[in-house]
Amino acid sequence: MSLRSLIRVSISRFLSVNRIVIALHPVWAALCLLLLSGGTALGQEAPPAAPTLDTGDTAWMLVSTALVMLMTPGLALFYGGMVRKKNVLSSIMHSFAALSIIGIHWIVIGYSLSFGTGNSLIGDLNHFFLAGITPDSLSGTIPTYVFMWFQGMFAIITPALISGTIAERVKFSTYVVFLLIWATLVYDPIAHWVWGGGWIQEMGALDFAGGTVVHLSSGASALALAHLIGKRVGYPGEMFVPHNLTMTVLGAALLWFGWFGFNAGSALGANGIACLAFTTTMIASAAAGFSWMMMEWVFHNKPSALGVASGCVAGLVVITPAAGFVMPGSALILGTSAGIVCYYGVRVKGLLGFDDSLDVVGIHGIGGAWGAIGTGIFASVGSAGLISGNAKQVWLQFVSVALVALYAYVLTYAIGFCLDRVMGFRVEKDVEIAGLDRELHGEVGYTL
Amino acid sequence: MSLRSLIRVSISRFLSVNRIVIALHPVWAALCLLLLSGGTALGQEAPPAAPTLDTGDTAWMLVSTALVMLMTPGLALFYGGMVRKKNVLSSIMHSFAALSIIGIHWIVIGYSLSFGTGNSLIGDLNHFFLAGITPDSLSGTIPTYVFMWFQGMFAIITPALISGTIAERVKFSTYVVFLLIWATLVYDPIAHWVWGGGWIQEMGALDFAGGTVVHLSSGASALALAHLIGKRVGYPGEMFVPHNLTMTVLGAALLWFGWFGFNAGSALGANGIACLAFTTTMIASAAAGFSWMMMEWVFHNKPSALGVASGCVAGLVVITPAAGFVMPGSALILGTSAGIVCYYGVRVKGLLGFDDSLDVVGIHGIGGAWGAIGTGIFASVGSAGLISGNAKQVWLQFVSVALVALYAYVLTYAIGFCLDRVMGFRVEKDVEIAGLDRELHGEVGYTL
Amino acid sequence: MSLRSLIRVSISRFLSVNRIVIALHPVWAALCLLLLSGGTALGQEAPPAAPTLDTGDTAWMLVSTALVMLMTPGLALFYGGMVRKKNVLSSIMHSFAALSIIGIHWIVIGYSLSFGTGNSLIGDLNHFFLAGITPDSLSGTIPTYVFMWFQGMFAIITPALISGTIAERVKFSTYVVFLLIWATLVYDPIAHWVWGGGWIQEMGALDFAGGTVVHLSSGASALALAHLIGKRVGYPGEMFVPHNLTMTVLGAALLWFGWFGFNAGSALGANGIACLAFTTTMIASAAAGFSWMMMEWVFHNKPSALGVASGCVAGLVVITPAAGFVMPGSALILGTSAGIVCYYGVRVKGLLGFDDSLDVVGIHGIGGAWGAIGTGIFASVGSAGLISGNAKQVWLQFVSVALVALYAYVLTYAIGFCLDRVMGFRVEKDVEIAGLDRELHGEVGYTL
Amino acid sequence: MIKIEAIVKPFRLTEVQEALSILGIQGMTVTEVKGFGRQKGHIELYRGAEYQVNFVPKVLLTVVTTEDRAEQVVDAIQKAAHTGKIGDGKIFISHIDEVMRIRTRETGSEAI
Amino acid sequence: MIKIEAIVKPFRLTEVQEALSILGIQGMTVTEVKGFGRQKGHIELYRGAEYQVNFVPKVLLTVVTTEDRAEQVVDAIQKAAHTGKIGDGKIFISHIDEVMRIRTRETGSEAI
Amino acid sequence: MIKIEAIVKPFRLTEVQEALSILGIQGMTVTEVKGFGRQKGHIELYRGAEYQVNFVPKVLLTVVTTEDRAEQVVDAIQKAAHTGKIGDGKIFISHIDEVMRIRTRETGSEAI
């Protein structure tokens, strides 16, 4: 089956599915997607099956998986420090709910929908409840169990990222339901497209560690929810000031630390590419922290800790899809640009007038998109981008960015819209004023 | 030197040493048990000596050991956030004192008493001061040094867990002495019974990563001290509210992160069982966080961050003895039950009317016991529990739970009783009211 | 070329250079050093090139590198908690600026100047911008990329350590420039001397993981800046009390955790020596935490959390140069002495009347010097110190300590002096009173 | 001189300040306080232990002004702080003998 | 109307409130303050640097009530806050001109 | 009895206390407050959002003393708190009816 025809097929299917999805209630849509997965398998299991277990690779993947798990609590602190004191625990809850709920969803259907053979649009349910996986199953040189959880940690942090946009006003019960539907209808399909043998992978678009799957998808979904849920009471007039930046900085540090597992772990082994990804990750984060700091210094004469922390995260976002595909010099360019692009990115909400509480759109959406395009430009290791004379790669990246963003935005808006009708997506005004910690969770962050 | 004669030597040495221990007095019960140890040794060194060093296994065990070390500071924060502001540093000190003091105790006698050949009740002093261990010594495929410290980190965190029960009123000097005696008379023997070739191991009871050795023993000991030390001034009338839940949540996150080393590291290598243990650990923690949250939601209509964090820890406690023996489905059941069992567990103190400041009994005691029994029910990998048709395993688990709990309770009560007589276990009332940080440690947690 | 003559050469060159350095403006000095690097190579690449990649070693080094990276944010918290609330973010910024700026400096010239062949005084620029390194390049059994970043993390944390001395009053812009010059003129040469094939390495002085390169150099430089910048407004009369010791304790915990990568990672593989280094590191930290605590207990009757945390860090500092060279018993002696030596070390500033805000001189300077000497005394594994009958080693250690301290002090003073003239090293008095967070960074740490 | 102390709901503070600055009153001192009264507090739950927190966070505004302006100040505060729900707070008015501006030693109406 | 300001030891607050509610007084305002007086503070030690902290945390209770009830209120507070040890605190009694309830504009005794 | 309330810059507190103890006055109560007035606040920037923080941290010193000593107390505070820059603060002087020491029930000048 030729690549061209294949793309035609996939895209047409993709669109048709999409139409259905938009038309129907999420749960139906889920069904449709699942039914479609009956089709003949066009994709294949992500990592090529290899004969024997390598203890070094396994050790590294066990650690990487633990590191990526740590990123979600890191995110909880990164976000928790930026909200107002009265909402700190509710923001932390958003991440811990993702850990608990997607942690279960993943082993039940998530992994199978994402990495089951299925077709080019969605996996299958052959691994429902991890069916068919034993301690002896291998994915490449590592046990499938650790590959499964390494991927699972990505599925967990992605919706948690979205929570930053709706922080300080989202209704917790609705958020919990949203997590489950979003993971099923948005994350799992996209993960399948890019890594599970789906159409994007077949098309040849590159995403080393999740620039489109994780960051772009969460950023685009965040924009949809920002549009849907509306502004916080008093925004932007009143003071919306981070209540504890030391917590935010600690969160950024844990994110950075965990990101080494996120990116270098995506090599799925302790090899030269893992070390390259580690190198580019460190360079991009440092460079972006520096460039964001310089932007603040030049334009406001005040380099801030929040700025450096935001820059480092932006750099990590942008290098994610490129980590194992680019050389250090390119990483330096991508990182430096990340700090500048996202510095302006977080200002977009002001212009377009939506309330993205913690700048998920500005950093993960815009940063994720730029990173994916940048990968098409700078790819040169085990792949070829513009600088290696392969201009077409930029186009492939662009297609994947456009369609993933579109899909994530539309579906998330649809899901959010239905949930808003059914359960209400937002708390009462007086609850919002009194604070979510006290009203929804019956506790307060500090008694100092 | 023949095994028998070697054992005779070790035992005689051991007893002579022990006479000293007993001369210092506390525990007759200990003596009785030790006298019984005359019989020939059936046990042997925990990990079977294997020919060569595997760098992958070694890498994983180095990391696991560091991860388990991080759990103790994680516990310091988990506990520190739950006490009142005036006692935060004293609670943190309890964990750091364990790191410092048991850290030394372990290399001097702890490791040898726990993992020395000895007999079925206690090890020997052949490894006094790590005698006989060199950088070339191997335990299985890893250097003995890393095996020694991996086990040492367990010995450190176990007494630190107990400190949660006596927080906000225990006298620091007495606590320090307690650490040393408890480690020698309670932890080291139990560790030997279960992992060092002792009677529980011989009996065939299962404990993959320390459900009985770490959690049940600390929980039962905590109950003894709760009975001995009495309630905090003003308990339960006044407000005993966590002063900084963000710190507690961070602590829970570090515990969770470190627990991957605790459980998956207990495979002593980067192999399929390590990955299985990692998988079950993640599932149980997520499931328990979720079930505890749902219990709060159903019964109080307020799912709380403290609840989710407590649930996650409860799930980790319950899966600990089972981690490498059960399949994911069983882990889901164990985890879900953990959140429910411990949700009620922390309410027991109210009914029985003792003051277990930070719920060590409710979570580690009850959770540890349930986990050990549950292992007997669900064991199916490299072992056989009830669901694999081996009902006897449940009985073996029950016996080990009962005797470990009894031994820990009785000895701890005896040790505590003596220390209370000799040094006093509790601070003066006005010291308790003014706060331990200021009064005992001459510092305050915050100057905000 | 014989060792003796070689040492003569190196030392004479060293002194000549030094004279120039002292005489001239830093930039010139830089030039001189670089020009000298034209000479024939006497040194050689740090780790002997080995044929194949070992996944286990690579896994461990990837983790170790991530662990050492985490130490710098850990330091940010360790320091941040000790300053006054109004300066917490500025202190955190000092560490994050090092991560961002030295993170770039290292890949541009730092790595090449430190580990390029060059001569016995400085590397070369052959690896300018990591030239000549590919994902396939190996250093020993690990990819050069991970070796490069492992070393890079050391280059990042060293100047960050210095920032503790000038905290609460240093001008951020000047600090940023200082970072770049100091890394080029002080850190990179010293790293080359000790690990890059420079004169200290040739002379045969031992430094397993950076006692002289990291701790002594930062401590001596800190002293120079303390002399140069002067005391904080109101020091010592007013209250200079840590504003958040829980943050400091968390920082200490992250430092301790990361230090396992720092020391055990310095074995550059997952082998017996790495496990030995892990063991000695844990022992020294525990012992020093205990001994510092006992000193406080005996002399003030108040063992403090800050004391234990300081002691643990002191123990880690002292064991650093010895970690892989000494046996556990020696580590216990070194650790215990560390707590006592540094307990007095932090009191030196009071006697000599300088203001070392966070005791960098007392802990890293004095501790680093003692550790280097102690290594000469206790070295016995893969090397021979006094206790192995090689008294000369103590002399070699002494020479390296004396010359590194002298070099670091003099150059740092010169750099600081010039910067003070050109940009001013210290903020205005009213800025210092209002707090650096608000005035320099336009933000505040907490809004509680 | 008259001292006006108003205990109001924290989220009305900005409104009150704007109302006062319209009257040309810039100077005031604000203190965070805990209020006990008809307005009930909230409930917190920690591992099943239920605590009734019976205070409500309030802010205390202190404005010192001249006799003649006192009434309009009180009026402005009352209107701006008013929500009509229980817990809107109180205003206490009292005489003080003297005011001094530390910077200039000015006293009386010059001082404020 | 009478304003009663009592500076008491924090851990006596609950007792005082109970004593007042027995008198049927629910409304009061509480402020956390630092007290300096005969009662000495404590010493803190950080890496050998010794600091004498010479304030003691106290709480300031403000109760506004009518002339006729003032005496029993003072009495109740004094009894409830009393421990007999140095640092029990002070009670300040003063007249205020007017009280207004923001919610209703009621004044005088209706307002409290 | 006279109640003297002084709003001063936090970093002058120690000086003021020393000045008062020279007068033999040990007892006082200190409250952290937010001051609004001529002295402008500062600007904070978070991801490009600029916030004008228009209060300034101040401390409120409350000293109750006898008529005869009031003047020198005010004088001492004014001198010690004075920097000459905008924001030095205010001193409010008012009469109170009675003071009671909780520990001893002493009243009047014995109570302070």
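Each chain carries a letter (A, B, C, D, E and F) given by its place in the written order, and its residues are counted from 1.
As a convention for this text, contacts are C-beta pairs under 8 Å (C-beta built on N, C-alpha and C of every residue); 3 or more make two chains touch, one makes a residue touch a chain.
Values in this document were obtained by computation on a predicted structure and should not be read as measured data.
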{"item": "Same-residue or different-residue interface between chain E and chain F, half as cut-off", "value": "different"}
{"item": "Cα-superposition angle relating the copies chain F and chain D, to nearest 5°", "value": "120"}
{"item": "Chain centre separation in whole Å, for chain F relative to chain B (CA means)", "value": "53"}
{"item": "Whole-Å separation of chain centres (CA-atom averages), chain D against chain E", "value": "18"}
{"item": "Between chain A and chain C, centroid-to-centroid distance (C-alpha), Å", "value": "37"}
{"item": "Multi-chain contact residues (two or more partners), chain C", "value": "54-57, 59-60, 63, 241-242, 244, 250, 300, 302, 304, 306, 442-444, 446, 448"}
{"item": "Touching two or more other chains - residues of chain E", "value": "31, 44-46, 94-95"}
{"item": "Every chain pair meeting the contact rule", "value": "A-B, A-C, A-D, A-F, B-C, B-D, B-E, C-E, C-F, D-E, D-F, E-F"}
{"item": "Chain E residues within the chain C interface of the complex", "value": "44-49, 51, 53"}
{"item": "Interfacial residue positions of chain E with respect to chain F in the complex", "value": "2, 6-8, 31-38, 55, 58, 60, 74, 77-78, 81-95"}
{"item": "Interfacial residue positions of chain A with respect to chain D in the complex", "value": "238, 433-434, 438-439, 442-444"}
{"item": "Residues on chain E engaged by chain D in the complex (per definition of touch)", "value": "1, 3, 17, 26-31, 64, 94-103, 105, 111-112"}
{"item": "Residues of chain A defined as touching chain B within the complex", "value": "53-60, 62-63, 65-66, 69-70, 73-74, 76-77, 80, 88-89, 92-93, 96-97, 99-101, 103-104, 107, 129-130, 134-136, 142-143, 145-146, 148-149, 152, 172, 244, 247, 250, 437, 440-448"}
